[in-house]
Each structure stands twice: as C-alpha cells, then as structure tokens.
Amino acid sequence: MPKKLITFGEVMMRLSPPGYEKFSQASSFELVYGGGEANAAISCAYLGMKAAHVTRFPDNALGKAATQFLRKHWLSTEHVIYGDQMMGKYFLEKGAVHRSSEVIYEREGSAFSQIKPSMINWEEVLRDADWFHWTGITPAISEGAAQCCLEAIKTANKLGITVSGDINSRSNMWKYGRPMQEVIPSLTEYSDVVITSSRGIREMFGIGNDEDSFKSLSKQLIAANPHIKKVVKKTRRTLSASHHQIQGKIWNGKKYIKTDMLNITHIIDRVGTGDAFAAGLIYGLLHFDDEKAIDFAASACALKHTVPGDVNTVSLENVISLMQGNTSGAIVR
Amino acid sequence: MPKKLITFGEVMMRLSPPGYEKFSQASSFELVYGGGEANAAISCAYLGMKAAHVTRFPDNALGKAATQFLRKHWLSTEHVIYGDQMMGKYFLEKGAVHRSSEVIYEREGSAFSQIKPSMINWEEVLRDADWFHWTGITPAISEGAAQCCLEAIKTANKLGITVSGDINSRSNMWKYGRPMQEVIPSLTEYSDVVITSSRGIREMFGIGNDEDSFKSLSKQLIAANPHIKKVVKKTRRTLSASHHQIQGKIWNGKKYIKTDMLNITHIIDRVGTGDAFAAGLIYGLLHFDDEKAIDFAASACALKHTVPGDVNTVSLENVISLMQGNTSGAIVR
Amino acid sequence: MPKKLITFGEVMMRLSPPGYEKFSQASSFELVYGGGEANAAISCAYLGMKAAHVTRFPDNALGKAATQFLRKHWLSTEHVIYGDQMMGKYFLEKGAVHRSSEVIYEREGSAFSQIKPSMINWEEVLRDADWFHWTGITPAISEGAAQCCLEAIKTANKLGITVSGDINSRSNMWKYGRPMQEVIPSLTEYSDVVITSSRGIREMFGIGNDEDSFKSLSKQLIAANPHIKKVVKKTRRTLSASHHQIQGKIWNGKKYIKTDMLNITHIIDRVGTGDAFAAGLIYGLLHFDDEKAIDFAASACALKHTVPGDVNTVSLENVISLMQGNTSGAIVR
Amino acid sequence: MPKKLITFGEVMMRLSPPGYEKFSQASSFELVYGGGEANAAISCAYLGMKAAHVTRFPDNALGKAATQFLRKHWLSTEHVIYGDQMMGKYFLEKGAVHRSSEVIYEREGSAFSQIKPSMINWEEVLRDADWFHWTGITPAISEGAAQCCLEAIKTANKLGITVSGDINSRSNMWKYGRPMQEVIPSLTEYSDVVITSSRGIREMFGIGNDEDSFKSLSKQLIAANPHIKKVVKKTRRTLSASHHQIQGKIWNGKKYIKTDMLNITHIIDRVGTGDAFAAGLIYGLLHFDDEKAIDFAASACALKHTVPGDVNTVSLENVISLMQGNTSGAIVR
Amino acid sequence: MPKKLITFGEVMMRLSPPGYEKFSQASSFELVYGGGEANAAISCAYLGMKAAHVTRFPDNALGKAATQFLRKHWLSTEHVIYGDQMMGKYFLEKGAVHRSSEVIYEREGSAFSQIKPSMINWEEVLRDADWFHWTGITPAISEGAAQCCLEAIKTANKLGITVSGDINSRSNMWKYGRPMQEVIPSLTEYSDVVITSSRGIREMFGIGNDEDSFKSLSKQLIAANPHIKKVVKKTRRTLSASHHQIQGKIWNGKKYIKTDMLNITHIIDRVGTGDAFAAGLIYGLLHFDDEKAIDFAASACALKHTVPGDVNTVSLENVISLMQGNTSGAIVR
Amino acid sequence: MPKKLITFGEVMMRLSPPGYEKFSQASSFELVYGGGEANAAISCAYLGMKAAHVTRFPDNALGKAATQFLRKHWLSTEHVIYGDQMMGKYFLEKGAVHRSSEVIYEREGSAFSQIKPSMINWEEVLRDADWFHWTGITPAISEGAAQCCLEAIKTANKLGITVSGDINSRSNMWKYGRPMQEVIPSLTEYSDVVITSSRGIREMFGIGNDEDSFKSLSKQLIAANPHIKKVVKKTRRTLSASHHQIQGKIWNGKKYIKTDMLNITHIIDRVGTGDAFAAGLIYGLLHFDDEKAIDFAASACALKHTVPGDVNTVSLENVISLMQGNTSGAIVR
C-alpha cells in the first residue's frame, strides 16, 4: 500500500523561450506548470507514492488546463478549487555558463492569492494521508494563503500526519504586511521536518550567528521548537549556470549526516531541483533510515537537473541507482 | 512625404496554442502582440505611412520585448513609457467552422491600466502628425486611460489633427465605475471620423431606434455631434468561423456609399480584421476620395483574414490590387 | 452528481506527420493516443460526466505515458492493467480534398490483444456506473478481448447498467478465427443501444435486404433482439476529405427522428468523429429526450471535425450552442 | 520492366516561412527543393517509373544536400555534376484567398546557370531511357543551359526517345540576350509532345491570333512543326489562392479531348502542380491511350494541390482512384 | 574507383522525444532510422565509399519511407526486399549527466525478423563488392536472419571479399532458441576482422579467463579461428551520460596498437558511435595501414558523438583532421 | 544622454539547421541576420547606447525583413538604402567538441557588394554621432564597399568622431583585385582604435616579426600610424568547439593591460563573439577607463558565447556583473 502525500500551494503557468533564447528573441513559449509544493508531490508520485495537490485555479479554460497538467503527472486533483480569473505565472529565460537564468513573476492577484480560510475542508483532504508538505512560498503570497496553510498544518497535527516545511529566506517576496519572522515560525512550530539553510535559521528565527555551523544552528532550532525532529539542508555550489554541485545534510537530533558531493556537469534545467530534493527527502524518510534518506534526497535532486520543466519525472529505479553510486549514466536497453 | 499617424492604447501579449489545438491540448504558445490601436498603426506603416504608437509597458524584459515587436513592425516607439510590473495579455484558442475561437483576457492591473493623466506629453507626441486614432477599448480599461485618451484628442483638436475613433458597444468591458454612455460621447464629441455600428449608435449615444437604418442613425449622430464628419461601418456576415463576408459602409454627411461584399472563404486569422479596416479607412481618407477610401478599407480588412497574428502586414500593392477587383490570389513571381 | 461512464477497449499510440505531410516527407511525428471507446469516454468527461476507461497497456514507460494521456483528459485510470511489451499503434497521414487520409495499423500482438478473461474485475469496475459502452472493434481484436467484452456486458446487465455498442461492419479486421456474424450478435444481445448502419444490420445480423430503409431495418433488429431499445445511425456524406456533412438518425421503438444535416466545410481532423457521435448520444440519452439527444450527438460529432487528435475536447456549452442552431462560430470573449 | 524518364534542369533550394506567415513574420524557413523538370521526374518515380535527373549543383555541402533530396525522392543522381559555389534558390510566401503567394528568385549566377555544352555526356545519360522531358525555364536561364538542352533533345532524337517540352510564355525570365521566340522553337522543333497555352503558341511561335481556339492553334503549331505529335494544355481557373479548378486538353493530330473540370476547394500547396500535370501526361501517354492519359494528367495535377512542397508524392493508386471519379477522399485504412 | 561495402541487418524506425524530454513529457517524436549495419554503411558512404544495404521492410508506406532514408544517406537500396506488415522500431529517451538514456525496442515480429534463407540472391548482391560487414545483432533476431547472415558470409568467402563482424555479448537479445555461443562462432569462423571486447571473447567463445588481457585473448581467438586476421576493440570510459572517453585497440596477429584516448566532453548523441567505429575501421583498413586505420576508427567514433541520429554523417576531411590531432573544433569557413 | 554609434557593413541572412543537425540532415533553417558591424551596433544598443547601422539591402521583401530585424534589435535604420536583388547570406552548421562549425557564404553579387561611393550621405549620417566603427570585412567585399568605408572614416575624422576598426587577416576574402596590405592601412591611417592580432599586424602592415610580442607589435604599429591611439587584441584558446577561453589585451600607448582568462565551458553559439568584444570595447572606452574597458569587453564577449544568433542581446547589468567577477550564473528572480 503506497504512502500518501498531500501538498498545498500555488501552481503557476511557466512560459519559457525555446532553448537558450532570450526574452528579446522569443517568438513562442514552451508551456509547462510548476510550483514548489506540487513539484514535490509530482516527484513523489513518480517514485510510486500516492499524492494529491490542493490549490486554487481561475475558473476558466486555463485553470482547467493547469489541473490537467497535474493529473497527467499522476496527482489527484479532486481537492482543487476554482475561482476568480487570473492564473499565476512566471516567465523563465534559461541561462548558461556566466549568463544567469532570469525569472519574471506575475502572480499578484492570482486565483490562488485570493484563497481564504475554510475554503478547503482539510479534514477530508488529509484523511488517510501519511505526510503533509508545505513551503515558505505559500505564506508569503497572501494572508489568506498563510492562514490556509496553518489550517492544514494544524489539521495534520490533529490527525497524526507528519509535516514538513521547506523554507528559504526570501524577504522580498513578503509584500502583504506581515513579516516572515512572524509567520514562518508560527508554521514550523507544528512541523516535524524543516528544510532550510544557515541563513534561513538566522534570519527567520533570529537564532544563532554568522559563526555558527549548520549543525549548531539546527540544534538551537530544535531546542527552541521541540515539535521539529529533523533539520535538513541542501548545499549547492554554483560553479556556473551550467555546472552545479549538490550535497545533502541532515541533523536528526542525534546525528549529523552529510552526503557526498554530486557533480552536475551539464545542467538541462535547474528549476525545481530544490523541490526534487524535498520530495526525495519525504520519500526517503518514509522508506529508509536517515542516512539513506538524505542520500536519496541528494540523488533525486541531482537527477532533476537533467530533466526539462519544473517537475522531476525520474523513476524510483533511477534514483536508487544513483544513490548506490552509479554516476555513469550508461544507456538502459 | 508620408503622412503620419499616432495611436494610443494597450498592447497585449497574445498567447495562442499552435494551429487548431485547444487550450487543453497545448504544450506551447505562439507569441505575438496586439491591441486595436497599435494594430491599426502597424497596418498603416506597412502601407507606407509613418506611424508611432503610445502606450505603457511594464518596466521589465517583457515590456522591452513588446516594444521590440512594435519596432520590428515599423512603428516609432520613442513615446512608449514604462512602469509597474504586469503585461496585459490575452490567450487565443483558434476555432474553425462551427467551433468558436475563444479569448481569455488577463489585463486587469496591467501597466497600461495604471496610466495617469499627464504621463504623456501629447504636444510633443502629436507635433507633425496628420491623424490621431483611438478605439473604445482604451476608455473602458481605466479612468486614467480614459483621461489620457481625452487629453490626446483635445491636443489633436488644438493642433488641427484629424481624429478617428473606432467604437463598439461592449458594455461588459466597463468595470471601473463610469458607464460607456457617459465616457464615449465625451470623446467622440471631438472626433472627426467615427467607426461604429447601428447598435453602437443606439446604445452608446441613445440615438434612434431599432427600425432606423445605419444611414439614418449616422445622420442623427452627426446632427447631435457636429464635430463628426463621417460615420463608417463594417458589416460582417459570419457564415462560420472559417468563412466570413465583409462590406464597408460610409455616410459622409452627403452621400451613403456601400462596397461590394468580399467573400473570405478560408480564414487564417480573423483577429485584428476590424483594426485592419480602420487602418484602411485612415489610409484611404488621407489618399483617396470617400468612395475609394471605403473600398480600400474593406479590401485591407478582407486581406487581414489571411494573415496570422493581430496585425495586417500586407503591402499597399496588395490592397490596391484587391480594391481593383483582383480577387484571384494568383502567384506573384 | 454527474453520471458515470465505463468504457473498455484498446488505446493506440497515434503517430502522424505534421500538417499535411505524407509519410514519405515526415521527419517527425505528432504523438497523441486514441481508441474508439476511450475517445467516447474522454468526450463524455469533457461534457462533465465521470468516466473511467479499462484497457491493458505494455508494462513499460510507453504504457505509462499512454495512461498519462488518459488521465490528462480527465479519465480515471485505476482499472488499467499492464503486461507484455508492445503498444498498439497507428500511423495517420492526413489527406485533403481528393487525397485520402491513410492509416496504417500496428496492433497485432499488442498488450491489449493479449488480454484474457477475468483479468478485469468487472463487478468492481462497474460498481456505481451508469453506462457501459463498447464498440465492434474490441471483439475483432482477439478472442480474449471479445470474451472480456462479453464479461463486461453481462456484468453491466446484472448491475442494471445501460449498455451501448457502436458497431460497424469491417470484416477485414476479423482475423483470429471467429466471424463477426457470430460474435457481434452475442454482444448486442445484451445491449440497450446499438449504433450501426443499414449495411451493418444486413451484414452482421443477416437482417433485411438492400431495399429496406434504416427505419425498417431497425425495427427488424429490435424485433429479433428485444434487449435493444434504440437503434442509431450517423449518416456521413463525404464531399471531399475536407468537406463532410453529418446527420443523426434514431429509431427508439416508437418514433423515427432525423436531425438537420450539419455542413462541415473545413475539416481539421475527422478521426474520432464517430466516437464523438457515440459520446454525444450517451450524454444526450442520459440528460435529454431522444429528439434532443440525437441533435446533441450530431452536434458533438460535427464539432469534433474541427479538433485535432482523436478525442473531442469541446465543452458542454459548445455542443449545446451548436445544437441550438448557432452555426456561426463567432468569437467567444 | 518500368519505363525510364530523363529530365534536365535547375533544382532550387526552396525556403518558405511556416504556414501562412509572411516574409516579415518568419523566424525560420521550411526547406525543400524543387525545379520544374526534377519535379516531373520525382512524380513519375512515385508512380513507379525509373527516373534520373541531370543538373549542376555547387560543389559544397549545400549541393550535396540537394542531391540527397533527389535521391530520397527516388531519383537516380549519378549524372549530377558539381562546380562553382552558388545554389539557385527561391523564397516562397504562401498566400490564401485574396492574398497571393509571393515568390522571390535568387538564381542569377547559380551553379546551374554556369553549365556549358558537353559538360554532360548525353549518349550515356539517355542510353536505355524511354522519355526525355524539358521545360521552357531551362533555355531561359543561360545560353549554356539552352545549348545543353538542345544537345539533350538532339541526342534523344538520335536514340529514338520521345521528347516532351513544357513551355510557358514568361518573357521576363529571358535576360541573357536571345529572345524566347528564337530559342524555344529551335527546341520544340525536335520535340514530340508540347505542353503550352494559347498565349504561349501565339507569343512564342507567332502563330494564330486572339480569336483562335486552342484546338485551332494546336493544329497550326503541328502544321508548322511536323515533329510535334501532340499539343497539350492545362486550364486553370483561379477562383482564389485557396480554390482552383483544373482541366486538361489535348490535340493529338486527330482528336481534341477535354477532361472534366476538377474542383480543388482547399489548396495546400499549388507550386509544382503544372509539373505534376506534365508528369501525369508522360506516365499516361506511356501507359494509356490519349483519352485516359489526359484524365490521368489532370488527376495527378489536382492531387498535387494537396501535397506540401514542390513535388507530387502521391502513388499510382491515388491517381487512378481519382481518375476513375472517386473524388471523396475517404480514409484508406 | 571507390571501394564498395555491403551490409545486412535490420533497420529500425527510431522515435525519440525532442531534446531531453522524457517519455512522460513528449507530445511528438523525432523520426530517424537506424540499425548497426546500415549505420556503418552510411558512415562509409559519407567517407566516399560505395555502399549498399540489404534488409527486409514491411510492404507499406512505412517500409518505403525507411528505404528513402537509406537512399537519402547515399546507400544503394536495390537489394532491399519487402514483405509482411510490421516495421521494427525503437524508442529512445536521451539522458544527460547521471540520467541514463533509455531504449525500448519493438522489433519482435518485424518484417526483418521474418526473413528466410534464399530470399536474398547473395551472388548478385556481393558481385563487385570489396567488403561485407555484419554484426552480432542480426543472428540474435531470428533463426532466419542468422541463416541469411551465414549465407552472405559464405558467399563473400567464395567471392574473395573481406568479412568483418562486430559482436557484443548481449545474451538477453537471444530469444528464439539457439544460444549465442553456438551461433556467433559459426559466423566468425568465416570472418576476417572481428570487433569485440574481452568479455565478448570469453563469453561467446569460451576462450581465456578474467585475468587475460585483450591482447592475450585476441591471440587465443585467432589461434582458435585461423580465418580471423585482426581482432579490434573500442574502449569506452563512461564518465557520465554527457562525457565519454574513447580509445581504439587492434591486434593484427603481429602487433598490438592502441590509440590515444579521445575525450568527448559534450555528447550530443551517443547512439551509433560503435557503428561509426566499425565504419572507420573498414574505411581505415581499406585505405591505410593498421596503425592509421585504428586511429581513423577512433576519430570517426569520437566525431559521431556530436552528430544527432544513429548515423555518422561526417566527411573524410573531418575524420582525417581529428586523426591528425586537430581536436579544437575551430570554425571552417 | 546616451552616446551614439554608427556602423557600416553588410548584414547577411543567416540560415542554420536546428540544434546540432548537419546540412545533410536539415529540413528547415533557423533564420536570423548578422554581420560584424551591425552585430557590434546591436550589442551597444542593448547596453543602452543609441546606434544606427548603414547598409544596402535588396529592394524586395527580403531586404525589408532584414531591416526589420535591425529595427527589432533597437537600431535606427533610416540610413539603410535599397537596390539590386540579391541578399547576402551565410549558412551555418553548428559543431560541437571535435566537430567544427561549418560556414558557407553566398555573398558574391549581393546588394551590399554593389554599393558605390556617394550613395551614402555621410555628413548627415554621422551628424551627432560619438563613434564610428568598421571592420576589415567591408573593404574586402568590393572596391565600392572599400571606398564607401573610407568616405565614412574621413567624414568621421572631419567631424571629430572616434573611429575604431576591427581587422583580421583573412587574405582568402580579398578577391576583387586590390590586396589587403594596400587597402587596410589606408583605412587604419585615420582610425583611433584598432582591434587586431599579432599575425594581423605582421601580415597587413608588414610590421615586426614572429618573435615580437603583441605589446611590441602594437608599439611599432602606433609609431608608424600616429592617428592610432590604442591597439587591442582578444586572445581565444579553442579547447574544443564547446569550450573556449577568452582574454582581452590593450596597449594604449602607455600601458599594457591584460584581463583574466574567462572560461566558457558550455558554448551555445560562438558566432559574433568577436563583434561582442568590439562592442564591449566601444562601450567601455566611452564610459570607463582603459582597464575597466578591456575587462568590460572581455566580459561582453564571454557572455555572447551563451546567446544564440549573431548578436549579443545581454544587458549592461549582465556585463557589469560578470566584469565584477560574478561568474556563477545564479538565477535572477
């Protein structure tokens, strides 16, 4: 019986010029959809889990098409709700070597940002789920989104479902009035697993200082938030837009584990690699011990760099093979 | 010395699934740009006139790319202004036969809708122009857009520049508070040429009744608005999404002229055909007598149905050839 | 509470050269999926019904991708089974005017053709369904497929679910040994609605002769098969590969009803139009009286001619609008 | 044993914007190759004949690629010669309805135009051939091309091979000094079959006047050129760029035969339809009586209007089916 | 006078998602054709040799199109035979970095697999050839294919034509009953050049053991099979799916020669690189001494990694330049 | 007030097979335009300067489309002139790793090559400009082009406008009669900045010998040509077609400055990188000191390697970021 994951968050239309064209050169856009939480859910679905995503789309043909994207990629969509008219979207210009990728968001006023508490029946949504996953983007979008997220987390707590939160410190996203330092801790307070960074812990929780290691910061975070069981970090070395290195780290309250550094020498699409890491972690913690789990997460993340689009469509076999050290990418016939 | 046209209005990013795919089938969008007034300006530029378009784009790479589209299609863009972050856009699903094309707008909150009076220096923009053209869409977008449009029209009057307005009765577009029955007449009051329909005259001006012919309504409109010199109408018979018929009609205060019906049997893209008609009329009235002008307008309109995208890129020779009755479309080598 | 349809049959990968290229010119294939029964299910899903399709796909990445196509187009796929290695497929070269479309099938030995009785738990599949639909293609594929189809029909009878069969007389499809004259009647014997043609009735049931009208043949068919309640026909006049005319006819035991002839002047893709008719009929009979139902079926069929791919993705509003006589295909904004 | 055709002439790279884009809109070109004589040879090869084309390409990768196009479409290319650097080419913008297709040639100075007498060993090329076909374009290109063409025709005469010439009156092509009225008759003098028009006979041969029917002109042409056995004409009614009608006519010295008018209501690509007619005529005269031959030619021509590119890739079965009156274009499965 | 190569084997339709899309993401397939032996023949043809490929295709439009692919790439196809209905095919999903490419074959029951002895007239096919090349895939396909291959090899022996076999140990391909250990040696027994690996020699011939070097194994192989003159190996180091290293090795009975390691840092398409090596070897042995030949083979192989598709379309100049140590890939103008 | 650059030279249509296809594989061409001088002008325009390009295009739709490309990329085109019929063009096959890119030019007889002295009113063109830039390609095209270039340079001198020349030693381009050793020095004689190489100085000016360093050669060049103020060089190490290293060097009469080596590990399109260097130099010298200027030039050059097409469309921010050492290419949101 596969484990079941519920995620909640905005899914955006992603529009990108073909290949390496810049915005100034494009005469068409490639169309996929993405959003941190749905990306994680889809990753887990490809790994063999059951997964449902909860979101709000505009009540028109574009909202339907976005739903169809989620269905195609194996998600349950019966809890998607519809209203208003605007689809959140982002434009992505893919960079290479020294040239940065550029992202332009158009999500202000989107159908999702208009979501309000109690629009979602979380008791029903989370019934028979094993895991609920949220990210720090959702509470940054709007007061309503933050409140819905809190509703979901509290319901998960009530139903005994594990909760993970993937939070980065992006203060420029917080525009609706409340500071991230107030909102984020009110959500992690009820979360079991937190994926973040040293800077994230310092800035969002006011914990530790610049000299503290990630391990030390993690200990302090757990000390201050006893609900949190594990603190996880993905280290990314950005050698160029075409070449990254990835490493996973976890503090589980007892042990500090680091993976080998994975070397991604020819990046195809780096968007959503963090979500692939989160998905790998969720799958790993549900099926393996912590050491294997963090290896699995880093391997899933590394593979995502070679898959176009926001979502990681690799299979369980692919991830396990890389986790076991098979980095050669030899043809499978 | 070519005549010079100035237009003012929103230019939207147009995103459409390839060929006849429906939104539910698309994995990419074709990207062009369009907007009633800019469409007319570009048409006139292809016919050999000088033309500049005035608009407001978001201050980012997408706003730049939209500007580049206008430049590519021969417009002057030195009066384009930039601000805010959202690009107006529309999604177009192309129909055929009994299946309607479907359009979804996302223009609320766009950079253009945020335009405010005196953002544009109309004295400078209109200096050395011969014609100013506006449409009924602009005053429907926002109070600020309506006011800018009025500024432009009054400045044109002051400088002795001919003003044309292309107005349809689309009451569902008017959302910001003032009714079209109040705003539109305040703009046509200073316009020389009005393109509209019988329903438009009845609904927007409260003139005439259902029994009145277009000729009769036109007379009443001019009687009530002495600044108006010519009232023009494009009759479209929609046999199917793939087959239309087009006819032009003009009342110039003295004479009522109708063109032959043009039969467009295999439509490629009907969006922007009304703007091509307006452009043909502007060019025609600047270069021919009224009879030829309305023939020219209908011919330009008919040709646009065979050109993909919003804008009419046919040449003066193309239009004149059709105006002279050459409907055979034989290869030009 | 939407009505629920279950369908059963092979779904093939459809590979077609872009546009009007011939096989000899293609350097790529457009990829969609289709099969008569799944096409009908998808049509009904777009109209707002619940629909699940039952089939057997190869147990590899291609079988998964085919499943994803069905999910994307709103079908439930939890009853899809997997086994063997070969995907059924067909190659389609699209014709125009006097040039015929050409279809090459490669379905021999496909995963579906290897299906065996009791591989599907029909009691579970059909629980809470309102309608079961099959076509004459399934029993032609293999003995196993024919037997599974009979299992399904009998289970539907037991559960009180309406059964429809869409059967054409294609004797060249029957290669595994048993003649269609033996197998088809053993399935229609338990069906409530039969879609067929005059030739079909004569050839598959040995009923009537060349002089008999469709009405007369239908009466005789019902007389000989009392389970059948309604006999339905779609008349197609093929003026050219680009221009067809469609009319629906139904004999419901009491009344013979014919629709107006619908004139499809610019065909985009005629594959799957018969399935769109069947879907329209199913939806119509579940929601309207027979007269409206046959009108609805013909309208759905006509609209499919303008949609690329095998499946009819038009909405309920689209079909109702055409059913009400709106043939103009005017833009919907 | 299939009959063998030899053709001689320039093959150009054809560059056309996708779909109905105008030159001003294109960001890519579709690439095929074409030339009147090679088009005819390829048509005949698809019909089942052996065919070799003789031409001169630039001695670089583009000349090689052009050769590969001919090979792909079944021609023998062992007599192609290489030299100089420029590939002849033409740019094609596809029109629709009232909008003309536009063609821009860039063939001046091409490798083919530099061909010189005795570069081709015609004895070897024509050995075991049944038919040699030339068009009026070749002698218009350059003095060298005209002389090579004459060499070929005379050699064909010597070897007892039937010669056909497809000549139109395009005086604007003749730029190298000698008038078409001098060159063309020097070639038809040795030809057995001439495809031309009434205007062609009058202008190129100075025969007849405006009142003369095609039949009458044909008689006069044969009277003046006893080597000519048959005079053939393709009548084209150009209702629009999307809708043509085609009829074949032949005077064989004894009888004047006209085919039915074929109605091509949805043109895909009209370029090369005249060459398809010529090919159909060659095939027809080699395999049928004159009445069937002209029917076959008109049918082949009609079908070409539905095939993208310059060359007619339809099969013998396709043409025979249409020749027998099957205009319905029903799917072949 | 160029040397002439004959090859024999299945040619498959290759269908691959564009770019780096996975099967689950594709909405179209790029279409080329490939097969080990034909790939080698085409490589040699691009290098300037004459080459003909012998195979069996389905007797339909797809079989014709596959033939046209071979013709386009310079092969003679007059010995291709046609029968049955199924085209062998494979689906290729291209990997990158740690993500493997995945291949799904559908060749069971293909037209080629149904080939039977004496369907090919080898005396006629091999007349005036210089070299016959086969691979270990052909005898693995079916008993009939194995027997045809043996017929060809024996005929080549009779006619004094050099025979090469490229054999890998893929035991999972052998499904029709006879083991590779029985069939392969019966074919190499009559071959002059064998391309294989250490594992291949051990597993297919039961020669040597894990400690033996390739040189030692080669000596033993020749000792046991005196017809064999040269044993060749291509060493591939798979650093990732995007980065390989290639080295050639040859034992010619007297001398053991190794090339430098070629470093392919940005792989475009690695399929067919082994066939490019074989082709380079054939060309090399026919035109150079063994030392140059193995350098030439490795260089050809390295270049193929940068060419999309199965076949190596680089020119003789390209290979010689790299063979001479020019690894810089500087622009050629 | 932005600085204004004027450039003069041929702009060619660039036709390239998609991705890494070779000419023998292409069935379409991607279409952009390029030419050394216009490339530099467009680069500068993207950096924020005003820029106008002067050239001569054929007087047809292709010449118009080329002009539109320049307009789209921000250039002023009011000084473009039209005449004759042939568009200069080049075909580009993109290489990778060891496989060279291949370029085939077709520019002989182009509209630009027919340009004649005094066709351009340089006084008017250069009025209010700050910089005039030419390259060594222009005087190599034709006598007329060389003379026009000299006219421009002398006018620039008269108006006190800085002149830069980018000259390489490509003797195989010089076909019209005069040697580069005669023409080039007659142009640099009046130029302020010269971009060249050690070989260029030796071969074109007969200065120095193989042992001389670039610094030493630069000194000698300035000594012999006192009008020259700065001599600049771009060093390129070509590790493979996919991996280059770039370094800038400048001698300004007083100081010899070298930049760090920039490592471009995954090249997207290397064409036009030299022009991007020249543009960066022009912008740099106009806005920074020499040390920063050469850094800016090298950074602009490096970034161009990641932009498809001939022209560098990166922004001022992009270049400055890299100039400041930010080589990581991290996403910009």
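All chains are identified by letter, namely A, B, C, D, E and F, in their written order; residue positions are counted from 1 within each chain.
Heads up, the rule we're going with is that contacts are C-beta pairs under 8 Å (C-beta built on N, C-alpha and C of every residue); 3 or more make two chains touch, one makes a residue touch a chain.
These numbers were taken from a predicted model, which means no experiment stands behind them.
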If a chain touches subunit A and subunit E alike, it appears here: C, F
Rigid-body rotation angle, subunit D and subunit B, from Cα fit (steps of 5°): 120
Label of the chain whose CA centroid is most distant from the centroid of subunit E: B
Inter-centroid spacing, subunit E versus subunit B (mean Cα positions, whole Å): 62
For subunit B paired with subunit C, centre-to-centre distance based on mean C-alpha positions, whole Å: 45
Subunit D: positions in contact with at least two other chains: 22, 24, 27, 68, 73, 102, 266
Chain contact graph, described as a line, ring, star, complete graph or other shape: other
Chains touching one another, given as label pairs in label order: A-B, A-C, A-E, A-F, B-C, B-D, B-F, C-D, C-E, D-E, D-F, E-F
For the subunit E and subunit F complex, residues of the former touching the latter: 46, 73, 262, 264-268, 299, 302-303, 305-309, 313-314, 318, 321-322, 326-333
Footprint of subunit E on subunit D - complex, ascending: 68-69, 71-74
Residues of subunit D that touch subunit F when the two form their complex: 15, 22-24, 26-32, 60-62, 64-65, 68, 85-87, 91, 93, 102, 104, 106, 108-109
Subunit F residues touching subunit E - in the complex, by the definition given at the top: 19-22, 24-25, 95-103, 105, 238-243, 266, 270-271
